[in-house]
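Same chain, two partners: chain A is paired with chain B first, then with chain C.
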Partner chain A sequence: MKYALLSTGALIASVAYGTMAVAQTDLTMWYHGAGNEVESNIINQIITDFNASQTDWKVSLQSFPQAAYNDSVTAGALAGNLPDILDVDGPNMPNWAWAGYMQPLQIDESIIADFLPGTKGVWDGKLYSIGLWDAAIALVTRQSYLDELGLRTPTLDQPWTKDEFMAALDAAKASGKFEYAFDPGMAWTGEWYPYAFSPFLQSFGGDIIDRSTYMTAEGALNGEAANAWGEWWQGLFTGGYAQVTQDPADRDGGFAAGKYAFSWNGNWAALGALKTFPDTLFLPAPDFGNGPKIGAASWQFGVSASSQHPDGASAFIQFALQDKYLAAFSNGIGLIPATPSAAAMTDNYKEGGPMAVFFELSAAQGMLRPVTPGYIVESKVFEKVAADIANGANVADTLDAAVDEIDADIAKNNGYGH
Partner chain B sequence: MASISADNHGLRLVVRYMVLTLVAIIFIFPLVFMVVSSLKPDQQLLADTSSLRAFLPVGDISVDNYYAAFKRAPVGTFVLNSVIITGVTVVLSLFICSMAAFSFVFLKWQGRDLILSIILATLIVPFETIAIPLLLLSSKLPWIGAHGLEWGWLNTYRVQIIPFIADGLTIFLFVQYFKDLPGELIEAARVEGATWPQIYRRIVMPLSGPVLATAAILKFLAMYNQYLWPLMVVQQEEYRPVMVGLQYFFQLNRAWGEIMAYLSLITVPVLAFYLVLQRAFIASIASTGVKG
Partner chain C sequence: MATSTKLTRSNSAGWAFALPGFGLMAVFIIIPFFFAIGLSFTNQRLVSPNPTEYTGLANYRQLLGMGVITLDAVKDDAGQIVRDETGAPTFPRVRDYTRNNPDYPQLQGMREWFSWGSDTSRTYVLARDVVFMTALMNTIIFVIVVAPVQGGLALLLALLINQRLRGINVYRAIYFMPVVVSIVVVSLLWRFIYDGNSGLLNNMLGAISFGAIKPVDWLGNPNTALGSIILMSIWQAVGFHMVIWLSGLQTISPTLYEAAAIEGSSKWQTFRYVTWPGLRNTAVLVLIVITMQAFALFAQIDVMTKGGPLDSTQTIVFQAIQRGYGKQDISGGSAISVILFVLVLTISLIQRYFTREKN
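Moving on to the complex of A and B:
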């Protein structure tokens, strides 16, 4: 009798499971986190929870290494092979939306009302992507350095001015204690340059593109403010405050080895710095005249244009926006959770937490990179501008040439839909 | 006079060995650095780069990076995939390209020189220029597999093998080599009544050891180092080769020790393949040099 009951129960369960499995429509998802075990575990947990939470959809995941992800998506789009759900680096989203890789999200936007601005991917007035986290940059130093050099500790309300920042670099240089006063991170080529260095330009009052029209860089990238930025940027290297050519090993370990007094680095490196120096400080960006700025927007989730089930894909993304998952990502890989309520659930970003300052920095100083499909070209042009000027190129000529290149690209692409 | 000559000979020998030793050191140091670094924790690895310690297995030595590498990525799967893709491509390439070259050199048919010229002209076409058309084609090609007729080759081994079986360089190598084989051998075989397939199998190929080794090594290296193509056509982890797998280790905070461990591991098949074929490879280079 007991076996009969068990058998019957097993039969019912298997039929029920089979029915559920049949009823669930498959959704595919691509994610950039291959090689990061913690990140993969969290995304897999979200998928498992989502698949178990309802009977309509079943998400399956393919992970890609981050460095190969964008090329894989582009190739997938060409071959008509995109998944239902994909993730996208925030500044690339407008290009993917414009190119027809993505479609607008179908989620209740009231639930993202208190998300950090940098986590919302809006293009052409529509929400295309949403992030579970943001990233932020700070001026990393040590309290003991500030004390030894007799420097004021800047705050969000009172960041250093340009003069104060340069005085700090002068003091560090004059102390003779450091190989270089400042480590902007020259070894990290690629998107790091526009992400980390264009906020300096914007703080001077310039920009990569004229954001009022997104049709030209004229005046923004070669105006008076941009030239002032260029001269200042070049002066960092000619003045011996920073090194033009940096060994990647120095970028990774130079601050910990005491080679630099100040390092321009992101929240992802903060825990390591705190572990090395418990008195590590994460200072706000200096104000070069037009307000202190740092880059905003990190990886976000979206739905591919070719998805036959955008409702299911959006349902998954909405499911993933729960505070517990935002907090899990933050605790796992050190990212800034998208909401204050999720931040309160984390070890590092809760009030009084060792990295809480990054949440405030992101909210107060975060500035999106130009929201335009042309950004993928503009970012490369700016990277070259920053590198060339650092290497001694004529500032005005370099900026003029960059403006020509950006404007030509915009014209070639018929204004990128602006 | 005789003693002076002996001294000169000895001096020349010393200089020669010193130069050879220097060259050997230059070539071997990167490998030594890679293997030694794979045994060090990141902090020590980075700190040692500024001194000769970078080449010495000193300090906190362990195989932890190897354990971590296997934990971070399915290293075994990537290596197996690359060995399968590379091995099958090399074997098929040697077979197909040598047959094509045999036809170009020994058979008389109309348009032979023109076709050979066209094939050789493909040597100047970079793969990047045909990658996208090839991707579009591959995504729509049919295949008869275990589930009957299927459309699209993406996420398979075949899409990483078949486009690279025949190539201009390999055919060119075989053509040049076959042209230098003694024509009398082929004529004698024809007089004796041998068919062309028999001549290919029993006369030409047994004499082609050096060119087979050269073509195999060049093809092996090209295939083993494939990155762009598999990146474009493979979205599933189970088909990824080693070079795409390397990207698993380039996270925001790079694990240099694990990268070195991974590189050490994926270098093993390359070294093994080269060591097996090195005598034939050197013989091929030597013979090519003599012919001038």
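Moving on to the complex of A and C:
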């Protein structure tokens, strides 16, 4: 009893002391960018500015290496000690929201009205995460290649059709100047496959899953359009336009070494390409019949479900959405800023800037990967589909098997809450 | 009896010393082991708001389900077998029978694993999970090749370095070196060696054959990928088993060799009647250890091929981890682990039976 009284007294005293000395409530934050000094500096700057700008909240940061980040969040969630604020890779967000790791943001829609569509993480009709940047992919080539091969320069309004694209590959192959006409980036196994290659499928008119219900992949991944995509995709490799197994070094330096005429690559590699060849062009994705498509959504910020102070966490995220910070991230690590006004403040994405085309690509062609908690499994299934078909597997059988696996997974998860 | 009571009653210090070790083993090996068995009978997910449900043997049925179907060649109206350009008869598509076919509900969701047959009919063996079956077969092939070859090679090396020669320790160190290096690093290095364009192996083969041997994409070709990994795995761990053989060799009393020499036995006779019987227990140990390690093949696959190309290097453990962790299907991964456990246990018991002391 005496002990209890003592400790109660101590508790009251410490609470009183705490509120007197520190008026700000502590908020914790996890971020995936450990090891990148520039990125860390920017995020630390935002936190410092935020902590100084008001007296209610004090954010403290813990950074993780990207490779270990998702595992850390899963482990933290299972152990029940997630931070208040965390960041999440766009396509993973629905899974975390569904699993109960995250709660909707308390941010007014009007604030993010002019943000790129790929930066908004909406699940179940609610905004769970918002990105300060997006990423985009383009068909990288050189003006001199197009001139030599006598090809039309495609534009956003008039992208290449499938036939034009294949004619371009034929011309590049026939020229004999290149090891391979096309470099889709086969060396980058993992999420790159669904991120970079599923837009081809969507441009053909298929998809990884039927997005009207999110309950089955039947018809979407094994329908006529998907089979057409599969045959085309396999033809790239059997036809000698691209290589199935690629040396990672060739992926990073092959275009600069002149091995490939066209490289399917992201905005993060654009500055390097421009440095090697000043006449580098970033062409929009070809239109395979259902409109040109590229993948959208990158890392975004959200609030954990266990946070005691979601208002403070949302306040921080809203604070970080200022144009100057979007521009700082863009200038620092080459990402596409989320708003046109921020883009205007950057070196690369301002009008006439060397990478401005990516901002337009992202706005015009960006398509979210399937917004469903099951995407975590679906992306792995699609990765195997793309790899197996490239390696010569029977297209129809591979697609049917993938549909079976996705449907079985959805059933096993009682429909993933759709 | 007296020793066991002494062990439990008057050896408290010993038990206290053992406690941390036992505790860690219980937490990290014994409890997870029983967890895996329990979870394999449920639909537990790594991440899910859905409650865990007991599903009985569903995971095992999904993994091990098999079926057989025999199909007749497609005939045209005149009763002639329809043939393609190469003259091979055409058969109906198996997927038409295994997907949404109300006449064959027992085959629903299965895929062709392998088939055989004649001109007029083919028999298809179907599996509910072809990838797992492929992984199972690949792992068994790996074990069947690696266990005898690695064990034999290690014995040969051990015999070679079990001599009193100057500088023999240098060779011991060289043979043992790959064991000390992390398997991940070794796998990365061998990825460069096996590189399809300018890998060391291709360059060497090209050089010694004056360009007659064209570069082979060792890891990118379904026909060579598993073989390449087998070769590299044998090389990597042979030194470890060499050391075990060596320790076995050095327990054989020199007097036996002296006696054999006095009797005038040849080198082969000495090995056959002195060395080999003396290595009996070592041989059992090496065989069982290699078998268990080979069944656990994972790191090389994860670093070098990720199960590809076309599932040619899928293995049981790789599948267990890819499903349990990558696809968040803990129950499915657990079921694979349990199957692996039963498999290894069975084979170890069989090996133990055949290598037992016959009195």
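What we mean here is this: the second predicted complex is superposed on the first by the 397 of 418 C-alpha atoms of A that agree within 3 Å, B and C clash if a C-alpha of one lies under 4 Å from a C-alpha of the other, contacts with A are read in each partner's own complex, and residues count from 1 in each chain.
What we mean here is this: a contact is a pair of C-beta atoms (placed from the backbone, for glycine too) under 8 Å apart; a residue touches a chain by one contact, two chains touch by 3 or more.
Just so it is clear, the structure is predicted and the values come from calculations on it, not from any experiment.
By the touch criterion defined above, A:N414 lies against chain C but remains apart from chain B after alignment on the C-alpha atoms of chain A. Contact with chain C, but none with chain B, is seen for A:K380 once the two complexes are overlaid on the shared chain.
Within the superposed three-chain model, A:A269 lies in touch with chain B and out of touch with chain C [touch as defined at top]. Once the two complexes are laid over each other on the shared chain, residue contacts for A:D397 go to chain C alone; chain B is not touched. Of the two partner chains placed by the overlay, only chain C lies in contact with A:W98; chain B stays clear of it. In the superposed model, A:T189 makes contact with chain C only, not with chain B.
Of the two partner chains, chain B is the only one that A:A79 touches; chain C does not reach it.
Look at A:D247: by the touch rule set out above, it reaches both chain B and chain C. Common to the chain B and chain C interfaces on chain A are residues 247.
Residues of chain B touching chain A in their complex: 42-43, 46-47, 49, 71-73, 132, 135-136, 138-139, 152, 154, 228, 231-233, 235-237, 244-245, 247-254, 256.
Only residues 30, 34-37, 62-68, 71-72, 75-76, 78-81, 247-249, 252-253, 256-257, 266, 268-269, 272 of chain A touch chain B when the two sit together in their complex. On chain A, the positions that touch chain C within their shared complex are 74, 77, 95-96, 98-100, 189, 244-245, 247, 376-377, 380, 387-388, 391-393, 396-397, 400-401, 404, 408-409, 412-414, 417. If you check the complex, the residues on chain C that touch chain A are 43, 45-50, 62, 93, 95, 99, 109, 111-112, 130, 195-197, 217, 219-220, 222, 306, 308-311, 322, 326-329.
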